[in-house]
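Below: a set of structures, written as structure tokens.
Okay, so chain A shows up in both of these, paired with chain B first and chain C after.
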Partner chain A sequence: MAAVLQLSQVTKAYGALRALDGIDISLPDNAYISLLGPSGSGKTILLRVIAGFETPDSGSVLFKGERVEAVPPHRRNIGFVFQNFALFPHLSVAKNIAFGLENRELNPITDSTVVRARVKDIVALVGLTGLEDRGVTQISGGQRQRVALARTLITEPSLVLLDEPLGALDANLRTRMRAELRTIRERCGVTFLHVTGSETEALAMGDAVLVLDRGRIAQADDADTVYNQPRSASVARFLNCYNLFEGQLSNDEFVTSVGKFPLQGQKADARGQPAYAIRYDRISVRPLASPVTAEEVRLEGTFIADEYSGAAINSFFSLDDGRVIEVESHLSQAAPQTCVPHSRYALVWKRQNALVYA
Partner chain B sequence: MAMTAATAEPVSADRPARKMADKTLWLLAPGVIWMVLFLVVPILMMVYVSFWTQTTFAITPTLTIKSWVTFFSSDTYLSALWTTIRIWLIVLAATLIIGYPAALFVGLFVRNKTLQTVLLVLCVIPFWTSFLIRVLAWRPMLGKEGAINLILQGVGLINKPIEVLLFSELSVIIGMTQIYCVFMVGPIAFMMGRIDQSVIEAAQDLGAGFWRIFRTIILPLSMPGVVVGAIFVSVMVLGEFATSAALSGRKVNLLGNIIVTQVGSLKWAFAAVAGVVLTILMGIVVAALLRVVDLRKEL
Partner chain C sequence: MQASGTKLALGIYTTLFLVFLYGPMVVLAILSFQTGPEGGPQFPIIEWSTYWYKHLFGLTPPTRIAPLPIEEALVRSLLLAVMTMIVSTVLGVTSAQAFRKKFTGSGFAFYLIVLGMMVPGVLVGLGMALVANALGVDRHWWGTTFVLHVVYTYPFAFLVMLAILNRFDQNVEEASWSLGVSPVKTFRKVTFPLIFPGVLSAMLFAFTLSYDEFSRTLFASGRDLTLPLAIYGTFSVEVHPNVFAFGVLTTLFSFALLGTYAALMMLSIRRARRVAIQEEA
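Entry: the complex of A and B
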């Protein structure tokens, strides 16, 4: 697959803060890529560097094989969908969408019939038919999102950057727009780089998921790999579905403040800070007296509370050192153990289900 | 039946709200009384007096249109009207040409809000001195032996002083532009400050160059500021008399100066005619400016 965008060793610092610290990425043509990063990880700055609103301190940005660091944003033809949509408040829906075609510096379209036809096509594509003459303040959030997208897509960019595009929408609409963004992208055949702070969104949307951590790409894999095999403790933390224990590796054991976890030959990934990670849904809750097999790791905790979410129950247990660990029990499987507050339970998991970073 | 039920419901629910609205109207009373007593009544009085009979030493409330005929058949008054309109247009254009780029810079290119405020306060600094001092300070600046002439002569650009600088229409225009420019900068900078930076970035991302963005985005979005600024400047310049009195050496007579002289010589009817003409002129100007932009929609 040809790479539409390639970044190598891109850095950008603001004073002492290294917002981008040697970013290497390569985005394939015609794909949906999601970029997951917590707030402050540099994801918006990365997008702004790609779009040309910021110049990198060093490193190279190749767009369709050409270096573009010195090319101003209006000559790059990289689409950018802003988080707040940034629609032109004084123009109608149709005028907003037509803006790029009519006003771009490189071959603007002056024939109004051509513009009208193109606007009509794109309006149909994003599902805004009938709203062309409305003001952009007279339409709903979801419709504004579509206008922002249509306005970008009509200029036929090879790459569209979406900065938390669903962040400004309510939860219901967000799920619907997810599917729609994917369909629209498939019909246009361009690459979408979708930036988000939500791990579920990143995993659901991306053909590939990039994880950004403190200005570096911590992992670039497909969604399944990111979810099941996060490459470092920080990636595991962003995914919001792993209990993490800090500690040290010593003599085939991982030593933490709550006890020693036997490894028995399990290999540790050598990346970043040492940690032992076990996914919420890999832990089972048992009465204290129940036996464990040699394969299993056991920990005791006091039940605090649980949270019912329909398909699953998330229970919280506090360990002896005060740390809280979370257990997710899917209700489609066996009915979970009903826990009594302030009582102690055994938390058990299979040794090979844990991920070890050292 | 269903309909009566449906309509009866809101009426009863509505009543406390309407009572409230009735009471809140009293909040307007002081303002309305003030405006009626000191604005509406005096204006009506002025219109009335303009039809009184004026003799050299007295004025009698016998209605006549003699003052109006005199006003519109006298070259002095008509030329004052024309001078007023001309100076107003020139000063309006000058404040716009000087003020707009400054407002663009302060409102849009200065990203730091504190610095923005500081720069706007700097614009207001001339107002820390009195109007008279501000106007009179132009004399040592523009005079035949004033700073500008001395410097130009010192540099060797001219060998005799430019006399037209002071006591001319030019000096009045320079003085007024300087005083009223800030009233143009303020509202425009305010509107500029409200333009979301990402809207401009979006336009850039869609391929538009700076001038395109200026014409299609920045200019239309700042128009309400231009209109408000233009109304401020227009109303103040049209009613001006002090700057022209101090800087024109009595060569430039605006309607304002006519009113001052007529009142000074107790020609109330003539003064009233000039006042009515000036009020109508301002009304037309403000109405015309308001047609440019629907301020209710924009602000």
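Entry: the complex of A and C
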């Protein structure tokens, strides 16, 4: 696959803060890429650099093989969907969508019948038929999102940047729009770069997931790899499904403040701070007296509370040093241990399931 | 008990406030209907009449009371106000646009602009007269006075636009750029329509401030007087109710201006809404 966008060593600083600290990415043609980063990781700035709203301090941005750092935004043909949609409030839905076609610098379309036909097609594609003459303040959040998307797609950009596009929608709508965004993208055959702070959204949407951590790309892999093998403790933390223990690697053990965890052939990844990570759903809860096999690691904790979410139950245990451990039990697998508050239980996992960073 | 006492006090205060605010205007309006030409600018009203209004337009038989020498002054003042309005608004919009990005010396430039409305008018007027004399430049309402009016009204237009642009969502412009629309066209098609209500306010400010500006004009204008100066000139001889009649007419004119402004505002707000109402009907 040809790369539509390539960034190498892109750096951008604001005073002493290095918002982007040597970014290297390569986005394939015709793909859905999600970019996951916590707030303050520099994800919006990265998008703004790609779109041309900000100039990088150093590094190169190649769009379809050409350097574009000095090209102004309106000559880049890179679409941008804003979190607040940024629709033109003085124009109707149809006028908003037609705006780029009619007013762009490079071959604007002046024939109103052509414009009308193109608007009609795209309106049908995003599912806005019947709302063309409404003012953009007179439609719902989801519809506004579609207008923002249609307005961008009609100009046929090769790359569309979406800055937390679902952030302004309510939870119900967000799930529906996820699927729709994917279908719309597939029909247009362009590359979407979707920035989000939500790990579930990033994993669900992206053919590939980029994880941004303090101005650097911490991992770039497919969703499955990111979820199962986060490359650093920070990535594991963003995924929100790993219990993390800080400590030191010594011989065949990982030494933490709550005990020593024996390892089993894990190769420690040499990135960032040392840590030991075990996924929520890899831990099982047992009565204190139950036996432990040789491949298992055992910790004791006091049950605090649990949270029922339909398909799973998330239980919280406090360890002796006050740290809270989360355990996820999938209800389809087995009826989980029923826990009594303020009682102690054994938390057990297989040695090989843990990830070690040192 | 406490509450009603406060209410009463506030009521009295507000009434007094309104009386002081509108009292003089009401008195002038009443006196403008004094009979003429023997009736003077004082109570009681001898007889109600529109004599002084007719006198203003030269529709009465000639008497010893000369018609107000304002015809040319009125035209001059209106022209001057329109010129000032255009230049100040253009300057205000463009410079406020420039201030959206911090540039070197922006703080200094800000105070420099705002200085124009802070410095006492008499001083600026006198200073302009002295400078004009020293340089050998003739003083005219369309020259020295015009410059002073712009210096005075430009900060108002600038501040109005600064407040408007402060609340302006820059993403909307960026969205337009990312659609391939050049910054100049974006300003014309997106930014300007959105800040238009602010531009109207800036124009209104500039026009009204220039139209009745007195102290700066007093020294800076040459032989040809503007309206405020012409009216003041008539006071020095003898005051007749024709001045009041004229005052009433200009007030009505100002109301007409405000009405136009309000109508334009309403239109620009309704434009978006109208479509939706049709949709629901």
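In this text, the second predicted complex is superposed on the first by the 356 of 358 C-alpha atoms of A that agree within 3 Å, B and C clash if a C-alpha of one lies under 4 Å from a C-alpha of the other, contacts with A are read in each partner's own complex, and residues count from 1 in each chain.
Quick note on the criterion: a contact is a pair of C-beta atoms (placed from the backbone, for glycine too) under 8 Å apart; a residue touches a chain by one contact, two chains touch by 3 or more.
Because the structure is predicted, anything quoted here is derived from the model rather than measured.
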Subject >> Overlay on chain A: chain C relative to chain B, clash or fit >> reply: clash
**OP:** Report for A:138: first if it touches chain B alone, second if chain C alone, otherwise both or neither.
**Re:** second
Original post:
Which partner does A:316 reach: the first (chain B), the second (chain C), both, or neither?
Top reply: neither
Original post:
Which chain makes contact with more of the residues of chain A, chain B or else chain C?
Top reply: C
**OP:** Go through the superposed model and pick first if A:152 touches only chain B, second if only chain C, both, or neither.
**Re:** both
Original post:
Just chain B (first), just chain C (second), both, or neither: which does A:86 touch?
Top reply: both
**OP:** Could you say whether A:77 touches chain B, chain C, both of them, or neither, answering first, second, both or neither?
**Re:** both
Subject >> Set of chain A residues, in rising order, touched by both chain B and chain C >> reply: 51, 53, 72-75, 77-80, 82, 84, 86-90, 99-100, 103-106, 151-152, 155
Original post:
Okay, in this complex, where on chain A does chain C touch?
Top reply: 51-53, 72-80, 82, 84, 86-90, 92, 99-100, 103-106, 133-138, 148, 151-152, 155
Original post:
Contact residues on chain C for chain A in the complex?
Top reply: 169, 171-172, 174-183, 185-186, 189-190, 193-194, 271-273, 275-276, 278-279
Subject >> Contact set on chain B toward chain A in their complex >> reply: 196, 198-199, 201-209, 212-213, 216-217, 220-221
**OP:** Over in the complex, which chain A residues touch chain B? Could you list them?
**Re:** 51, 53, 72-75, 77-80, 82, 84, 86-90, 99-100, 103-106, 108, 151-152, 155
